[in-house]
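Some structures are shown below for you to check.
Here chain A shows up in two complexes: once beside chain B, once beside chain C.
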Partner chain A sequence: MSQIQRIMIDHTKCNGCKSCSLACMQAHRQDSGSLYDLDLTDGTNESRNSIQTDANGVYFPLFCRHCDDPQCVSACMSGAMTKNPENKLVQYDGKQCAACFMCVMNCPFGIIKPDNPTKTYVIKCDFCAKDKNGPNCVRACPNKAIYIEEVV
Partner chain B sequence: MKQVIIGSGAAGIAAAKTIRNINKNNDITIVSSDESIYSRCMLHKYTGHERDQTSLSFVPNDFFTTNNITWYPGESVLSIDTKNNHIQLQNKTLPYDNLLIATGSEAVIPNIGQLKTATNVYGYRHLTDAKTIREKAPNVKKILIVGAGLVGLDVAYALLKLKKPVIIVEMAPQILSLNIDSTAAAVYQKLFEQNGCTFRLNSKITNTQSNQNGEITHITLETGENIACDMVIVAAGVRPSTKLLEGSGIEYDRAIKVDPYLKTSCANVYAAGSVTGLGEIWQSAVKQGETAAKNMCNIKTQFTDTFTAKNTLNFFDLPTLSVGNINPESDDTVHIQTIPNSYKKIIIRNNIVTGIILQGNLNYSGIWQYLIKNKIDVSQLKKSLWSISFADFYGIDPDGQYKYDCPAANQK
Partner chain C sequence: MTEYNGCVTCKSADKVLEKFIAQLPMETSHQRVESQKLKCGFGLQGVCCRLCANGPCRITPNSPRGVCGATSDVMVVRNFLRAVAAGSGCYIHVVENVARHLKNTAQAKGPLKGLQTLDRLCEMIGIAGADSYEKAIKVADAVLADLYKPDFEKMQLVQKLAYAPRYQTWQKLGILPGGAKSEVFKGVVKTSTNLSSDPVDMLVDCLRLGISTGLYGLLLTNLLNDVLLGEPKIRMAPVGLRVIDPEYINIMITGHQHVLFAHLQEQLVQPEIVKLANAAGAKGFRLVGCTCVGQELQLRGVHYTGLFEGHAGNNYASEAILATGAIDVVLSEFNCTLPGIEPICDTLNIKQICIDNVAKKANAEMKQFSFEEKARISTEIINETIEAYKTRRPKTTLNLLKEHGNDNTLTGVSEVTLKEFLGGNWSPLIDLIVSGQIKGVAAVVGCSNLTAGGYDVLTVELTKELIAKDIIVLTAGCSSGGIENCGLMTPQAAELAGPKLKAICQKLGIPPVLNFGPCLAIGRLETVAVELAKALNIDLPQLPLVLSAPQWLEEQALADGAFGLALGLPLHLGLPPFITGSKVAVKVLTEDMKQLTGGQVIINADAKESANILEQIIMDKRKALKI
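So, the complex of A and B:
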């Protein structure tokens, strides 16, 4: 079986700084610029990850797992959501997507969501495919609460 | 090993893909009455000129070559010979070692007036239906749709985009009665009406009137009212496609009878998708196809995910999700939150969420199906129902995949 990369999570090291979410927004913004002019209120800059707390205020990083048996893929009726057989990433093709949001309903962990401004496509981790340095969230984490590992 | 699949919908394609992933050498053949691969759930996007035929496909263009699958498109199966293990096509006999029947369903046309025989009445199930309606739409003046369920509204949505006047006749007192409650339905009804759609709810069709060409010109309601129309689209439910089973010895009544391994009453014959009656939704068909395929490759696998009380809708860029039982019983607790552009309703019975409707805001809503399907007790969570997330059930495996850690969450 081939080795794949996954963003591993040690939630005990997360202090909720949300640097990962900012890095994700910056990496996926439509315009260009630095973090200092990133418009946090612009819905098209939405983060693919989120940090949520439980009832005790403990922080939990919620990131797409690119699951071995991805429910978003089996639920997808348009062919937009696919599991790449080589790198094992769950990939999303916005052009093929029909915005039925069956994937949103079927992600057991509630990670993926419709885009806020238009509700016409899905906000989903792409492992920063266009960035040769890999996922920006991982590089932004000051506490190594998220880190990349090869998994079998 | 010769693996033969009848049907190229969600179940048939998922099965072929699964067999190929398990076994590089199996001889895989798909026979389909459809001439192209398309997602039924997107047919209305073809009718509404949002997509062409190519972009209706849910697999890459090179699917059959990449996966080394032989495909007979546009071929009807005339008979299945389960004694000699072969199927009969028009000009060909195909032997099989394993056969998968994934023929899906057909639109039901009620036996009222001339609905079954008139020349301007269509179901909405196949690309041929979507094509005919798209071709004829420019020349029709008034389209009547029977049924205000998901399919009826899908096709209405497409026709409204083409600026066609549409009237929908529905027996129930609300639209989408199987999917959502009357509050959420009223919002959609208004949106449809604002875009040129007329509804006749609580209405039953009792008769039709036709012209000399055998075309329906009016339908008659129980009240005696006559409604003029020059095209009728029937979206009043489906029934499993079992016609080709006649004389095969494969047991069926309404649907094909299958065991937990999706095997039929005949040796080496399996069934998957809506033809089994186990679920009329895309994901269920895919999972049935995958399960049957594993069994066809001698990997004994039971079909277990039978939860199908779930749906999402998206009309006029207003998405809605519904899971579980959406009609509360007298002992149930119902929580409702209404804020601009968002309606949420949670139904709780004995501390367990049994149903949910979310309209407008589906953010991070995937957890609800898990909680409902697995009957998770949410009463011990020291948190508002409106703010719970996977953080409240967080668990993670050594390989980094999430899992639910419910007892821990409930003890807090």
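So, the complex of A and C:
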């Protein structure tokens, strides 16, 4: 079994319910609690994924690809963005970040973004590293529009 | 979740039923919990708005307002008031039908079986009459006149039905209700697209609907029902799927309107009708209780021996009851008649008949009840029932569950029978509370659901925790159905109570959980609370009494809850009623309400924690009363 996992996307199954975004917020909230009391107006708790629509209203859920050749890592001058040699995930260390946002400008998918309230760090998928059950967004998707695939 | 032979069902407090359901060849609600387990966070918090074509709008940090500008507070409270109004409408429909039935019966000089209740009602609302019929007509007219008033005219009976200190509070807060039907109408109008955007104003409306629901939909429905159908009497009764006897033609009843079965009940025990059943090969007819109307019959069961088999289970037991194969007809008139029974009825060739079109089931033959045509309708139902029995039984394999439930559940408890049991006044109970032998009273009411820990899990666990703390539990609603099937209403359950409550129960031969029956009986609990408060010369919020609807399910429960808050009582809920997306709603309901009515909402899904919170509230109230 490969240790390398990726979130795969079947956008045709997405119905725009944003359960993935709420799951991401719930997984990364600073306080504790359930989905019932997650503060949906708290601008400091931002989802690392989002759902966009094309001109025809077709949903495109966007998730960090943890790219094989990550442009965000190449562009990062402070060493905040690194590629984990074992699980091949792109990791972000906020303590090292100089907030130059070169990663934001270089992400080919436009997924990495500065945090909204302070613009002093970036919002970046951590593959729910602290959760042994893996990415919460995937488990929250009612349509299996996103799923985990083992990559060789 | 529990798995038997690869079949995943939700957890259940009722282990015997859990195993039975998991092994059924057909799907029930208990299986569908798994496939519906992913919940939408916006829906859970009540911040999804579908009131206009710009929607659905949802609240996120990047989109804190709907297209129209509605905030999370507006979305949540609008949805909530709509739900409370709908729930109130359900109960008002019930009391309207009961009042009309009483009037029709009295005009036709039909049977009035609860004359003591009639006199009590007349005294309460100041009505005199030459005979029982005249009194009944006047009572029914007074109720109906109030129900049909416009919202700008206050209902006349509120002051007569309400406890005086409460009435004064309501008057001061400006929440005395206008005509009950019009209040529902106003709730619907207010919450339509781009009308009210004032969350606090809409929460005040919820309280007003709570009062009309509680005093008319609950309190009066019970009293009018008792006049028509007979008063409850305390007795031991069998409960659970064991009550189903396949040697009879079995009719499962679901709904909330006992009066709609009154004529049929009389007919089913007539010797010539029983002979028809005999000719078809059965011993006779039996009514199998399910949902709240089953609780109604159980409560008054002393009047229907030989016809009412017993209460088999609550709403989420209905699919299992049908799966026994021994039910021939489902006769329904209201909720909680689950759509999920339809495929089971199809599979087992069970006939569905519906007698109130507000609850028309897709499979059911509609036979709208009408007082004038009740004889024809009852005859048709009887004939079709016999036909269903004859055609389906030869091709049906029975799957009975005789080990389910118990034979000695205490039932027939009401505001009147409990007082009689105590010797005609409340002092024995008050003395026990004052001396601390009973710490306080918890009313565990409301519905049954499958999500607060599983089927009746929180209800049963919380009840066990409360009685272990020497808090006596009174129940009303589908919670009763779950608790009774788990054995907590048998005298033997005294073993589970704390040492003081256990000693009292053993001395009196009663269980630590007293079953008042259907959700409508929340009105009876209110009377008990008022009479205790009167005896102590205090207002309701001062009583060491708490309310819990641990597994509330429906909009009706939210209207009941609004009544509880208007009464100034602490109200515990296992799951939040889709309000947590609004900081205003949460603050008003859980905090500010204490200053308004004295009530408060407590939300907690953990049985132990909830019991501790409720115990603390009871202890604080005891302390304030210096007892």
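The rule is simple: the second predicted complex is superposed on the first by the 149 of 152 C-alpha atoms of A that agree within 3 Å, B and C clash if a C-alpha of one lies under 4 Å from a C-alpha of the other, contacts with A are read in each partner's own complex, and residues count from 1 in each chain.
The rule is simple: a residue touches a chain if its C-beta (ideal position, glycine included) is under 8 Å from a C-beta of that chain, and two chains touch if they have at least 3 such contacts.
Keep in mind the model is a prediction, meaning the values are calculated, not measured.
> Both complexes share chain A, so when I overlay them there, do chain B and chain C fit or clash?
Pair status: fit.
> Given the touch rule stated above, what does A:Glu150 touch, chain B (first), chain C (second), both, or neither?
neither
> Mind working out whether A:Ala75 is in touch with chain B, chain C, both or neither, as first, second, both or neither?
first
> Using the superposition on chain A described above, determine whether A:Leu22 touches chain B (first), chain C (second), both, or neither.
A:Leu22 contacts chain C only, not chain B.
> Is A:Leu40 touching anything from chain B or chain C once the two structures are fitted on A? First, second, both or neither.
second
> Could you say whether A:Ala99 touches chain B, chain C, both of them, or neither, answering first, second, both or neither?
In the superposition, A:Ala99 touches chain B alone.
> So, A:Cys67: does it touch chain B (first), chain C (second), both, or neither?
In the superposition, A:Cys67 touches chain B alone.
> Thinking of the overlay built on chain A, is A:Pro142 touched by chain B (first), by chain C (second), by both, or by neither?
The answer is second: A:Pro142 touches chain C but not chain B.
> Between chain B and chain C, what is the shortest CA distance in the superposition, whole Å?
11
> Touching chain B in one complex and chain C in the other: list those residues of chain A.
Touching chain B in the first complex and chain C in the second, residues 116 of chain A appear in both lists.
> Flag every residue of chain A that touches chain B in the complex, lowest number first.
It comes out as residues 6-9, 11, 50, 52-56, 58-60, 62, 65, 67-68, 71, 74-79, 96, 98-102, 104-114, 116, 118-120, 149, 151-152.
> Can you list the residues on chain C that touch chain A in the complex?
That would be residues 38-42, 44-45, 47, 58-62, 64, 72, 575-576, 580-581 of chain C.
> For a test of understanding, state which residues of chain A touch chain C in their complex under the given definition.
Touch residues, chain A against chain C: 17-19, 21-23, 25-26, 35-38, 40-47, 116, 140-142.
> In their complex, what parts of chain B are in touch with chain A?
Checking each residue of chain B against chain A gives 10, 14, 39-42, 45, 55, 57-60, 282-283, 286-287, 290, 310-312, 314, 317-319, 321, 323, 362-370, 381-383, 389-392, 394, 396, 399-402, 404, 409, 412.
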